[in-house]
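Same chain, two partners: subunit A is paired with subunit B first, then with subunit C.
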Partner chain A sequence: MKELSARQLYFYFLCIAPVGKLILMPAQLVSGAKNDLLFPALLHMLLSAGAVFCVMLAARAEKPLPELLSAAFGRIGAAAILFLFAAFFLFAAVFPLTEQMLLVQSVYYDTLPSILSFLPFFLFSAYFCARPFAENGRIFDLLAPLSALGFLGLMVLAVPSADFSALLPAGAAGGNGFLLAACESALWFFDPALLLLFAGRFRYRSGMAWKTAAFSLLGSAAVLFFLAVFYGIFSDLALRQTFAFAKVSKYFSAITVLGRIDYLFLCLLTLVMAFYAALPLQACCACLHGGTNGKLPRPAAACAVNAAALALLLLTRFRYAALQEWLMHKLFWIFPLFGVLLPALTLLLRRPRRAR
Partner chain B sequence: MNKITGTLRRDEAELKRLLPAEDVLTFPFRGQDGREFLLVFADPVTDKELLGEQVIRPLGDYGGGMSAKEVAECLTSPEIKQLSRVSDLAAEILAGNPVLLWEGADAGLACGTKKVFARAVAEPPTDVTVKGPREGFVEDVKINCALVRKRLKTCELRLHTVQIGRRSKTAVTVCYLDGISDMAVVKQVKRILRRIDIDVLPDSSYLIHFLSPKPHSLVKRVGTTEKPDIFCAKIAEGRVGILADGSPIALTVPYLLAEDFQSAEDYFVPAARATFTRLLRLFALLTAIYLPAFYIAAQLYKLQLFPVKLLLTIMGSIQGIPLSPSLEMLLVLLVLEVLNEASIRMPKYVGMALSVVGALVLGETAVRAGFVSTPAIIIIAFSGIGLYAVPNLIEATSVVRLLMLLVAGSTGPYGIILFTAFLLCFLCRCESFGTSVLAPFSPLIARDLKDSLVKYELSALGMRPRALNSKNKRRMAP
Partner chain C sequence: MRAERFFRRLPARLYLLLLAVVVFSFFSNDFGLVDIQKTAIILSAGIDRSEDGFYLTAQIAVPKGGTDGGGTNAVNVCAAGDTLPECVEGIYAQTGWVPKFIFCDLLLLGEAAAEKDAVACLDFFLRSEYMPDSSLVAVCEGTAHAVLSTQSAVDEAASLAVEKLFTDAAEKSGRVCKMTLREFAAGCYGVTESGYMPYLSALDAEQTGSAGKESGQGGQDGQSAEKEPPKVYTAARTALFFRGRMQGVLTPQQTLAFQLLRGKVYAGTVTAEAEGSRVSLGILQNDGGIRLDVRPLRAEFSVTLHVRTTGKSAPDALPEISRSAPSRAQCAAAENAIAADLTSLFKTCEETGCDMFGLGRTLHRLHPNEFSALHGPLLGELSLSVRVRVFGAG
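Moving on, here comes the complex of A and B:
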């Protein structure tokens, strides 16, 4: 219970992290890169895999992040960095929460429901956040097959409708389109930062760094495949297809007879997404708990963080377009900085002696 | 004062003072040379025929030494205990073991001639199998131990008995295989049992409360069975078993949730059939929990979940129903639960009448009167049957179904998903004696999956489950 296994980390990168990128990111990529949507995504994925590799190497010391930071910057410096990361995680959680709320309201309800229908998420999230980060391993074990089943099910229903030639000719969007799409999609890539919180909670074994990076790339390959199918189905209309994963399967021929059987798979993926959306909030709690040297109890941190996230969500719920604009065009740099670069730089930290 | 004095009258008086009940009798008699003996026994629980044969008759001809050891050697009872404290002797009398005293005795002798009140070993009503052994545990712990010993003829089988209950003095036996069970679990079980301070222990289910770290939790942490073959198989896997006198239900720890999806019969039929049945049980359970909830959520929030033709049929049925879908479903569920409870408690001969009243009068008339719709009745009926596909989990699953129904009615499909997420999160935390109840799925133990929801051929099950942390890993030669 106190330790994660390598397998659980691989499961996270292979089956859980990709799920968070299936809601609004595909349409957003199309808005910048059109049929070249795979390339900016690939860039982020390669950068993320590189950062994952670096974080895993830094995790060889088998010390949790607060201790790694304390050894390099002293206790006060470490606390400051942890609070900074806590703020980043809270900030990073807002968009996944918003997109999940919009998804839920649009996919699971015939008429737009009250925001109350989404509020139970924060009850679940508060419970989830109050648990130690290392306990997530068991949840990853359970979620991985559910996620794989949901994804494969959707793909089986969607692939027959896809025309992959729509992706050609490659490079039509040009450098500007590529850059625009890369900037706009940056906010979906902060998994290496989450991985930082797992440091010291698993036994590092030889080869784990490249294996984790490889599993991260495999998960990314699944997302790329999804993007290709998505564009193959909707082509030029893809730009308007928000909540991509809920739409790719609805053209399956048997649905008229059997009903929306794809909802079975959608439910499975939404279940996994609920955990994925709560993870940054849990990471925020872990940072606050570590930054205060354990003086802020986890349940208190969980309540505070979820209350803050709820407040942010309520504040921005009628300003979704402005929030999107603000995040994607003004503050997009925060995500590569905190989500990829800084985690990768932990490799350079002075490592405390490994405890055996 | 508590030690016996050797003066027969004084010791008799002391025992009488401790045991003033009218069913505690004394029987004075003399030996061959006129020496006086006294038997003190609790009349209803003593086998007097055996007492006469094994104690009184040998002493009638006895003329040897009068030390406790010498007298004990003359008796033909195989269970003789030498005790010198009057309170210990009183406890033995109450347990059904008569106490023998004599003038000048340095200790009393408790003779094991207890009368055993036990029904015959029969097939347990809650655990019926078509193929396989039909013996079930009974209410006597000694017979139960014998049933276990009959199946595990090994010196590694350890039986450790403790007395629990200040007044009931119930014998509770811990069974495990030395060298196979995790000794940490054995020690923990023994420690918990030693610490129990309760007045009366009427049944082994009381022990579950003490063995569970969170007794109020919906998820059980202790496995139960009424069949000695299952009990022995579990012990042989590395679990620790607990038998309580007066209860036919044996307990096993650590408990895994997957256990309740298995049945004894799975091991007597081809592996493919066993796998199919286990998956069927899982399907039935999931459908029983989720079907009513999704039906309500679809009706209230997302009609698109129904195929068009089904939607038209449902719309036709629910037209004119005065209750909201959630209320309607809750009402039908409540009726089902009441019928269920009543049919279990009701005398058998009224059972048929109850079925008629339940099925025809309540069900059909309610539909005809337009109080409830036919789909609601069908769904709840299927749900009711589905839950009993995994009967050992019924206490938890019926509550989960009700909660799921409430959540679906108030927050719709997303509420169901979130509640499921919460349940998964909660289940991941639940442990039974250091083992996750969700093992071998979480944490994933690939080797143990061979006998979880799927069942491999016996030849593939050469190793004991890793989740149980058994010292001896291999149970079958490769």
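Moving on, here comes the complex of A and C:
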């Protein structure tokens, strides 16, 4: 089994995990918290960083998740938990996939294309899912500079158009607005659960726990900065601005002369987003593979999971409002439970002897 | 051994190759090709209101080939409907072209439409993901249909000629306040519920003394070209909106004063009467600002200009012409003229309810308690002081 290096983990939290939060999350935060959109996002980010810290401490045993769970709950208990996580990851993948599809159809086409234009994504995703989860390190190495370049490029073009005073007065949305936005945005924060699957696939070195948490916070700071720029540009109209990252840069004065040069950066970020959207599906496959003790081959799991995801996507295609209602108002609690709390609780698991 | 390894890996490689091809096509947007036989590339949209609905005029580009270097002709297609999407469908039904707004850079509202409810006219464009919200918006005198149907004296399509009025260079002259769909909507949906946009008028080119275009170069309709003289356009006036409706129009002097207040003028002129003649002062540098005090509620408009003399209505002796620095009296006259325009600008805004200065927004952001304590429109409760300084530069 190939190992991840610490650098690759840091890259993931600094450059790859943040991009998934740049599409629909900003406008959704505004719908609840208005100009206070930074506060609910900050709450999620702090909780996630705390959970990342706990998962990294649990990973000191250098044992993969199935072994950690087996040591604590026995093989059947471990399999049951892994199947639960598989179901969670499939559930968590629905919204990022919907985001991706809407993004591609709206930003890269100038009239609504057919669903066929998005289906190649599942060919890519099936291949990606058939690979072991822990072998993503190389991909993180390759994607991190692309993500950083894309994000920095967009920010250079967007910041001159932003009026940060639009974020004032702080606290105007009140406690209810804060809570509503926190609930509605919970579905974007499940990175600690993904980190669980990297446990045992890297050599733990002293200080890695706080460093990973710190890189997670740094990535979050980039997202917060993006949110501030986004609201600074659109202020009261921000609620209407879905696909936020694709819109902030187009008001740069040179765009009228040079054309949409920002598409270069948008394409870089979209490429990274495609991998990020496929990650929960890959995690689902890894859980199924681990839960069946390797009896379900990865390619078979990949095909089954992608077929299920495609079916869910087709089922919810014209039911975005219903999907939003279910994920953000009725079932939002699943995300902090499986995405943050349960991963953090792995710290309490009885640790098997550390591998030498 | 090598061959065996090659064949073992072949399916994965073929899959990757297929993947590369489909992912490439996935990102390609059909390679950006637009079938112009089936697509109406809308350059500008004019929106008018009738008693019971909307009237949409779409100016559609018709690229022309040929040996004379090509160019763009434009045709107007119109449709009526209860809503704007119904009008768009009407255009589709009439022409068989799929209307494409992605290149639409100008939204022109007819005067009646702006007076009735401008936000309702723009609602369709704000909702559409396929319409750039960076497109320019303007109100026109009369109907938008009439203005878009005129033959321009300076360009082949009226919309292209109008767009030229809103370049950055034109804005720096201070004679036009350009506005985009996003900025206008943000103002109307913001706490002040105020907005503004240029007020466009079409003038006969001959009357204004502009040189007409050479004959045979354009216009979509030879007959109409004979009937109507070619037009030039001006947007030196600015329409004011409150709660989505047009409430008044600023004069060209007030528009210039507002641009000076924003500090955006670098190539304009101000004209004042001093020492028995009218003198034009070219603006070299402009700083402007608005300060809001809350105890007591008071706004201060400040404008600072560095100017030089560019012309006078009465002849001067040669030594005078060689001196470009204006006299103190000329500067003082300019100061007085600008201060009067700023005061009347504030008065007009107060009367119409349009807070085009963003004072309410600033108060809401920085002093939310004072904003909540307001009993009426902010501009009515503010006292104004104006400070204008004009310095001569050699």
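What we mean here is this: the second predicted complex is superposed on the first by the 355 of 356 C-alpha atoms of A that agree within 3 Å, B and C clash if a C-alpha of one lies under 4 Å from a C-alpha of the other, contacts with A are read in each partner's own complex, and residues count from 1 in each chain.
Everything that follows uses one rule, which is that contacts are C-beta pairs under 8 Å (C-beta built on N, C-alpha and C of every residue); 3 or more make two chains touch, one makes a residue touch a chain.
Predicted model only: the values in this text are computed from it and were never measured.
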Partner chain(s) touched by A:K211 [first = subunit B, second = subunit C, both, neither]: neither
Touching partner for A:F121 - first (subunit B), second (subunit C), both, neither: both
Which of subunit B and subunit C A:F275 touches, first, second, both or neither: first
Subunit B versus subunit C as contact partner of A:R60, first or second or both or neither: neither
Which superposed partner A:S253 touches (first subunit B, second subunit C, both, neither): second
Touched partner set for A:D236, first subunit B, second subunit C, both or neither: second
First (subunit B), second (subunit C), both or neither touched by A:Y108: both
Touching partner for A:R317 - first (subunit B), second (subunit C), both, neither: neither
Residues of subunit A at both interfaces, subunit B in one complex, subunit C in the other: 104, 108-110, 117-118, 120-121, 123-124, 127, 267, 270
Contacting residues of subunit C [partner subunit A, same complex]: 15-16, 18-19, 22-23, 25-27, 29, 98, 100, 102, 126-127, 129-130, 132, 134, 168, 182, 185-186, 189-191, 362, 364-366, 368
Of all residues in subunit A, those that touch subunit C in their complex: 104, 106, 108-112, 117-118, 120-121, 123-124, 127, 165-166, 168-169, 172, 234-237, 240, 242-243, 250-251, 253, 267, 270
Subunit A-touching residues of subunit B, taken from the complex the two chains share: 301-308, 310, 407, 411-418, 420-422, 424-426, 428-429, 431, 436, 438, 441-444
Footprint of subunit B on subunit A - complex, ascending: 1, 5, 7-8, 104, 108-110, 113, 116-118, 120-121, 123-124, 127-128, 131, 135, 137-139, 141-143, 256-260, 263, 267, 270-271, 274-275
